[in-house]
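Order of writing sets the labels: A, B, C, D and E. Residues in every chain begin at 1.
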Amino acid sequence: MIQALRISAIAIACLMFVAGLAASIWAIAGNPLPESLPQLLSENMSRSGVEHPVTAVLLNFRSYDTLLEIGVLVIAGIAGISMAKTTSLEDPELRTSDSLLYALQRWFVPLMLVLAGYLLWAGADRPGGAFQAGAVLAATGVLMRLGGIPMEFIRPGLLLRLGLALGFTVFLLVALASAIGGDAFLAYPPAMAKTLIVVIESVLTLSIAMVLLALFVSAPVNDAEDPEEGGSS
Amino acid sequence: MMAFESFLLLLAVCVPLLYPIMALAGGSDKVMRHALPLLPIPALIFVLVAQPGGQLELPWLLNGGLWGMDELRRLFLLLTAVLWTVAGVFAVGYLKVHHLRRFCVFWGLTLAGNLGLTVAVDIASFYSFFALMTFAGYGLVVHEGTEEANRAGRVYLAMAVVGEMAILAGLLLASAAADSQMLSDIPAAIAESPQRDLMIALLIVGFGVKAGLPLLHFWLPMAHPVAPTPASAVLSGAMIKAGLLGWLVTLPFGDISLPVWGTLMVVAGAVASLGAAALGVCQQRPKTVLAYSSISQMGLMVLMVGAALADPQRAPVLLPVIALYTLHHGLAKGSLFLSAGLLLPSARMHRALMWLLVALPGLSLAGLPFTSGALAKLAMKEALAEDKLEFALAGYLSPLMTAGAVATLLLVLRYLWTLTAKLETGRNPPMLLAGWLAASSMSLLAFWWMPWNVEGLVKAPVWLPALYQVWALIWPMLVAVGIAGLTVRVTRSVKQR
Amino acid sequence: MTLWLMAGLLFTPLAWAVLTLLTDFSRGRLVSWAGILVQVLVSLGLWLAVARDGGFYYGLGGWDAPLGIELRVDGLAVTFVLLTAVVAGACGLHAGAYIDPDKPWHRYFWPLFWFLWSGLNAVWLGGDLFNLYVGLELISLSAVGLVALGGQAGALRASLRYLLAALLGSLAYLLGVALIYGQFGTLSIAGVATWLSDHPVPSGSGMALALMIAGLALKTALFPLHRWLPPAHGIAKSPVSALLSALVVKASFYIAARLWLELGQPIGSLAAAQLIGLLGSAAVVWGSWLACRQQRLKQVVAYSSVAQIGYLFLLFPLTFSVSETVSLQAQQGMTLQVISHALAKAAMFLAAGNLILSVGSNRVDALAGVSRFLPFSLFSFGLAGVSLMSLPPSGGFAAKWLLLQASLGSGQWWWVLVLLAGGLLSAAYIFRIYRASFLESSGTDQFFHPSRSLEVIPLILAMLALGLGLASDQVLTVMALPFEGEGAP
Amino acid sequence: MTAPLLYALAGALLCGLGLFGLLCLSHLLRKLLAFNVMGSGVFLVMVGLPQHQGGPDPVPQALVLTGIVVAIAATALAVVLIRRYYHLSGLTTLDAEPTSREGGQE
Amino acid sequence: MTLNMWMPLFALMTSLMASLVIFVLPEQGYRLRTAVNLGAALVKLGIVAVMVWGVFHGVDYGLSFTMLPGVEFVLKADALSMMFAGLSAVLWFLTTIYAVGYLEDSPNRSRFFGFFSLCVASTMGIALAGNLFTFFLFYEMLTLATYPLVVHRGTEQALRAGRAYVIYTLTGGAVLLLAIAWLQGLVGDLPFREGGHFGDADPALHGSLILIFVLLIAGLGVKAAIFPLHGWLPQAMVAPAPVSALLHAVAVVKAGAFGIVRVVYDIYGIEASAMLGLLEPLAWLAAFTILYGSARALSQVDLKRRLAFSTVSQVSYIILGICLFGPVGATGGLVHLLHQGIMKITLFFCAGNYAETLGIHRIDEMDGAGRRMPGTSLAFTVGAFGMIGAPPLAGFITKWTMGTGALASNMDWVIGVLVLSSLLNAAYFLPILHRLWFREPRGSWPHERQWGRLETSAWLFWPPMLTAAMTVLVGVLASLPFSPLSWAELVVLRAYSS
């Protein structure tokens, strides 16, 4: 009874929330837009080093966002592997014995690798980019993992951590280098902008893929744990 | 005041004040004991050597101290010093080992208070010494530690504290009114103050506790008898007079006529002198009888104080008389109290002599001719003579005094009577005996040195009183003896039956 | 010079996050100590620079707002940056000694710690609404990671709760950002404020502000959205708890405050301001009350955070439609409260950790007779408590004083009662701890003295919190510095 | 009513739905999914609302892309935590107390 | 000039530093700790003496800096502050000696002496505070520093007392804070100034000023233990004797009373206070407290508890004194600040001696203790008579001066209060004295300890003797320059002449 009451109350609250939100959206939609950012953007596209505006925003105009975003991803990865068990990656429980999957995998893995490469390359002038590529790459890894292909590098050792950090590190080094060059943090020299962005995108792809894969692989079956401070156990 | 006198004055107060330190520092019992009679000696020397009117300024003391001696204080100081000395001598012989040191401490402090208040001219030191005497006196009262003593002590303390507070309030008011810290400025200020009556009431009550004013006297018959005998002597002989002195120095005599207060005091005095006698003759214990006698005698003095309050013109005459009477009574009463601590010698001759010496101060109280009592009584009578007093009750004063004389002798007789029942036979310690003898002789000899020529009241020479005077003194005594004899006879016959 | 400092400030934590990711705990500790040194020096340098020359805007990547992301480097921001450097540095040093280096998962402490730090810096300096969102997420996720690090079911439960709350809060905030962008076409707070200053308020923006502040309030654990906080702060490792309570909740509050100060006057309403104030007051009372009833030491401290956060929200009513003076007083009070609470609460959590280590139990009763061993941590705990009780001369007192003045000055006397009652209530739970420690009981013979370095750190923090009150004026002058280029965007 | 506005309104609806789910569902995975639904709603509003008037706008698109990554990171972290939580306590909700006593009162 | 500026800070720092050093010293470092304690106390005594001399000759000691916008932290020394500072410096020294002996073998001595010094530092701060804000700073610090001392024994009873203490004082502090903040908002930061500030206050402000005054008094009255805010004081007597001594004589209750003095004289100004009609009600309240405290003391059987209620009563003398509009009454109140301290500390020292040496806590166990411990009992007697107001002791000077002052300002009823209170004082002290001196001991003492030659340890013996001697001397020598009375007259002279 109380449960039902509570749920209906929440439901009503949510409905009101939706109504209010919709009303605001409607109202805002009717107001004139005081500032047109796209226009400003297109004026500055030439200095960005890439053709596609989304990529330009992501990796040049608002590259700080992206840097931190990768940081968030790395955090998730770290937090994930911090819970991984260290010994057996070949946990039989985690392996699918599906023979169809096993067969498909031979075909799909190379294809997906190629696709990832394409997405990365396409990012410069049309939709695509590091994240999409990294996602596909990670999917490949998941598939391989499910298929039982041993992936030693995913073991939470130095190698994995290097991989996790690679993209982020490179991005950061570029940012720092620009600051050392005398400009602001993350300000690429216009001449080198394109090159730098491509380099960053490539390593990011790798890292993103690693993070996602690590998160998938790191199965929290680790029994060792910290007791709570001063806890009874 | 000369440097020597100043020094002597300081010494007079400080010697007994500092004497208790000896007890703390661990002076031997023997030294403590034998120092007792020496304590008032500086004061005695001072009072004999110094000229009245000198003052000693002590600006650092309290609110600015001023000590000094005038005619009035001289008499009081004399009484105090003498009485304490003889009582001290007596005490040397009297005291037991038990709590000796404690007794000595309080003895010294009480003495210091008593001497100090007599010489203090500024309010603060006067009040300080007064309080010192009061509180230290408690130690003497409860010294024996019996249940009775403790009860007496409680009553004494309670009433004393109330009295102290009344004095404090009265002095505060008066001091504020006078805007002065000197006692000498107070009477005039009281006379003019709108709060006159309040102040007078407070002061009368405050000092009245000490002086045994009726209704404020309860402590007296309880406390005086239970104290050790030498202490009783000083309590009744000297300390009780401090209340009187308080009145004399604070109340507005001579400045203004206060008939209401005068009447009240006269009534109080009359009640005291007669009522106390009535109660006193019913007592069984000699020292209690003496205590009532003290109240009774104080009643006579209160009577005079009342008259002085009522009649400002007569006051200058009355005050010296009061002082005179005080001296006389103090010495006599001291001697009587001491005699209560005696042991009867076995030799018949000695015994008779002793009884004579015991009785004489008592008879002196009653006004036996050729004693200080006669002198005092005569002076009093003259001073209160009806035709010289502008006062409504003036007519009653003379019969009152006569009745007082009768009562006095009755009490003395009662005392002697109870004493015979109580005294044991034995050998008196020499110092004890010496003390008592000194006291008695002081009481008797004082007659010869008393400044009897006060305001020309008593016609010279005193050793040759006019016949009518002798008769005036004698007939009340005869009445008293008659009553006493009658009573004895009646009781005997009742007993026989 | 300032450019270098800025670059150093942004770069160091991120770089150290990477560096420490590649090492194990013990080596990471050495590396981190170097990093802490660098970071403290850089922060101090920046603070001094701003104190000397005034604040400025810093366009990242060479792009100014609205196209790029601009950092707003003003007195308040650098003060908080410096505060973060001090508190996080202290927590880092403490953690280095406190955390067991032999557990393999503890190596991940350092990267998470550094990411947290970088997120905090991003938030203090951020002037771009979306960038602030990312910064918040950086903080939230690393904080959750720290809480969960190697934990038991209880810790996981707390961290999950924390994560869900944080995510919901972020989403609400992001929704508000979306509406703002839809309305104003810019993400720069300053840009929006500038536009609003000479235009009428467009309809619908109220919802945006409400959403953002509600989301941030959830992340700040404002009553009644506070229930996630005590478990998370109470169960984490003490240095982590210290970080969370001292800095992390302040980050979201800081954004809310900035939004309110820039946009609140045009967009907000009196009712909203009073409502937020009321919730803050409720937090003060309720949090303190619950803190009194906790059995475990760290839970007490955690609930105390809930209460202390309540004070911060009094900023909202006290800056809405009031005179310039009152508003300034309220802002100064809020700033001091943030700083002093950060220092005091960090000290308190670290000290609590030491105490727990010493007596081997996390219960309040277990402290009976502890004061006989003269633990420095108890002393630090006490000193920090002085600031929390807002007794002089602590920073907490200075803050309360200013808030009192603001309340009286604006005629909103009801907040006065809250402030005074809050002080007394906090005294109730703090004295409960003192009381426990003074109890002479026979049973406590075992006592482990933590190393001096562990004990000194909270002491220093507590001393700072205490001394802040004496130096408040100096701190506040820096905060009130004018901008180099007023209204730069 | 343009298509982007419709997206935005749909986003609002999704937000409400997600919120409801987040508050009412007790299974952790469901909560997580509800969070994702809500996130999608927010992204829709974010992209839809500015494009209603100004035409295609790459900025919100980029923002949403970033937002998605963040959301994914958060989701992934949450899943890891949930799995471990389940492993340690055998619970899938936060309603009941886990096996190791937490004590105290919230 | 610069040295003079720093003098107040030095005075403050001596005990603060001592406190910090003691906290760090190991528990076993008995000699070193004692040396630090006594050394610091002596240094402070010296500094204060120099400052007293300086203030007498008109030297200006002052230090101030801005703490918060619009609020200054001010330390300065005027005649009034030196009064309090002198009291605490002297009595700190004695109490330290006493405490060293008292706590000879007990645990937690480092903690105790640390907070003890801190407590004195706060008292010093209160004395030297130059405005209300600074005063409040140290006032609250005092609360905190005293708590560990009150609960020092760690028993249930002590902790309960500590709780009552904290609840009362912190609530009082909150009220005080409100009042100070309000005042600040109304008229800005006000330094303590002889003659006050509100002599010509805007009539429109009068309502607020009266309300603020009430709040201020309520806040300060908790520490000053004005009825009905006195509840903590009798409970707090469970603390060790040196603490009670310090609490009752110097630190806590005096801080409250001193604060009230400051408020009436140096913030509102005596004329303004009278004009606003604030003094009369306060005087009545103080008078009631005087009688109430004494009456309650009568029925106490625990010696320290009786003394505690006596404190309740005695501290209100100070307040009553300053409410008497006029220089003489003020002198009486102020001088009691010192006199009460000296007398009460004597009594508590003695109570501690009885407890420590003979195990006596209750009054009915005191029979005959005077013979076993004559020195202590003598000191006790002097203290008790001082309290009663028997001349020529310190208490008499107070009563006399206050009484004169009351008459000068036409508040004759005060005399009645004084007299009645003295009677009550006598009623609860004299029986004790009787037991001490005139009763036979009841066999063995509850818990007797022997110490060499003296009746008790020398550390415990001399402090009460000294304070008892002081009780006598400040009374007898009241008219000397630099005596408490003369100094109070100086303070009042400066307050009324400005």
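By definition in this document, a residue touches a chain if its C-beta (ideal position, glycine included) is under 8 Å from a C-beta of that chain, and two chains touch if they have at least 3 such contacts.
These figures come from a predicted structure and were not determined experimentally.
Visitor: Common contacts of chain A and chain D?
Guide: Intersection of chain A and chain D contact lists gives C.
Visitor: Please identify each chain that touches chain C as well as chain D.
Guide: A
Visitor: In terms of CA centroid distance, which chain is the most far removed from chain A?
Guide: Chain B.
Visitor: Starting from the Cα centroid of chain C, hunt down the chain whose centroid lies farthest away.
Guide: If we average the C-alpha coordinates per chain, B ends up farthest from chain C.
Visitor: By number of C-beta pairs in contact, which two chains lead?
Guide: Chains joined by the most C-beta contact pairs: A-C.
Visitor: So what's the Cα centroid distance for chain C and chain E, whole Å?
Guide: 42
Visitor: Centroid from C-alpha atoms only, then distance chain A to chain B, rounded to Å. What do you get?
Guide: Once rounded, the distance between the two centres reads 113 Å.
Visitor: Measuring from the mean C-alpha position of chain A to the mean C-alpha position of chain C, what distance in angstrom results?
Guide: One centre to the other, that is 28 Å.
Visitor: Taking the mean of the CA coordinates per chain, how far is chain D from chain E in Å?
Guide: Each chain reduced to its C-alpha mean, chain D and chain E end up 65 Å apart.
Visitor: Tell me, which residues of chain D touch at least two other chains?
Guide: Residues 8, 15, 19, 45, 49-50, 52, 54, 59, 63, 66, 70, 73-74, 77, 81, 84, 88, 100-101.
Visitor: Can you list the residues of chain C that touch 2 or more other chains?
Guide: 130, 134, 137, 141, 144-145, 148, 152, 154, 175, 179, 182, 185, 235 - these are the residues of chain C that touch more than one other chain.
Visitor: I need the residues of chain B touching at least two other chains; which ones are they?
Guide: There are none in chain B.
Visitor: Can you identify all of the chain pairs that touch?
Guide: Contacting pairs: A-C, A-D, B-E, C-D, C-E.
Visitor: Help me check something: in the complex, which residues belonging to chain D touch chain C?
Guide: The contact residues of chain D facing chain C are 8, 15, 18-19, 22, 28, 31, 35, 38-39, 41-42, 45-46, 49-50, 52, 54, 59-60, 63, 66-67, 70, 73-74, 77-78, 81-82, 84-85, 88-89, 91, 94, 98-106.
Visitor: Where on chain C is chain E touching in the complex?
Guide: By the definition above, chain C touches chain E via 329, 332, 369, 371-372, 374, 379, 386, 389, 391-393, 397-398, 400-402, 404-405, 408-409, 416, 420-421, 423-424, 427, 431, 434-435, 438-440, 469-473, 476.
Visitor: What does chain A use to touch chain C in their complex?
Guide: Within the complex, chain A touches chain C at residues 20-21, 23-31, 33-37, 40-41, 44, 60-65, 67-69, 71-72, 74-76, 78-79, 81-83, 86, 158, 161-162, 164-165, 168-169, 172, 175-176, 178-180, 182-188, 222, 224-231, 233.
Visitor: Can you tell me which positions in chain E touch chain C when the two form their complex?
Guide: 23, 27, 65-69, 71, 73, 107-108, 110-111, 136-138, 140-141, 143-144, 147-148, 151-155, 158-159, 162-163, 166, 170-171, 173-175, 177-178, 181-182, 184-185
Visitor: For chain C, which residues are in contact with chain D within the complex?
Guide: For chain C paired with chain D, touching residues are 130, 133-134, 137, 140-141, 144-145, 148, 152-154, 156-157, 159-161, 163-164, 167-168, 171, 174-175, 177-179, 181-182, 185, 187, 227, 230-231, 234-235, 290, 293-296, 299.
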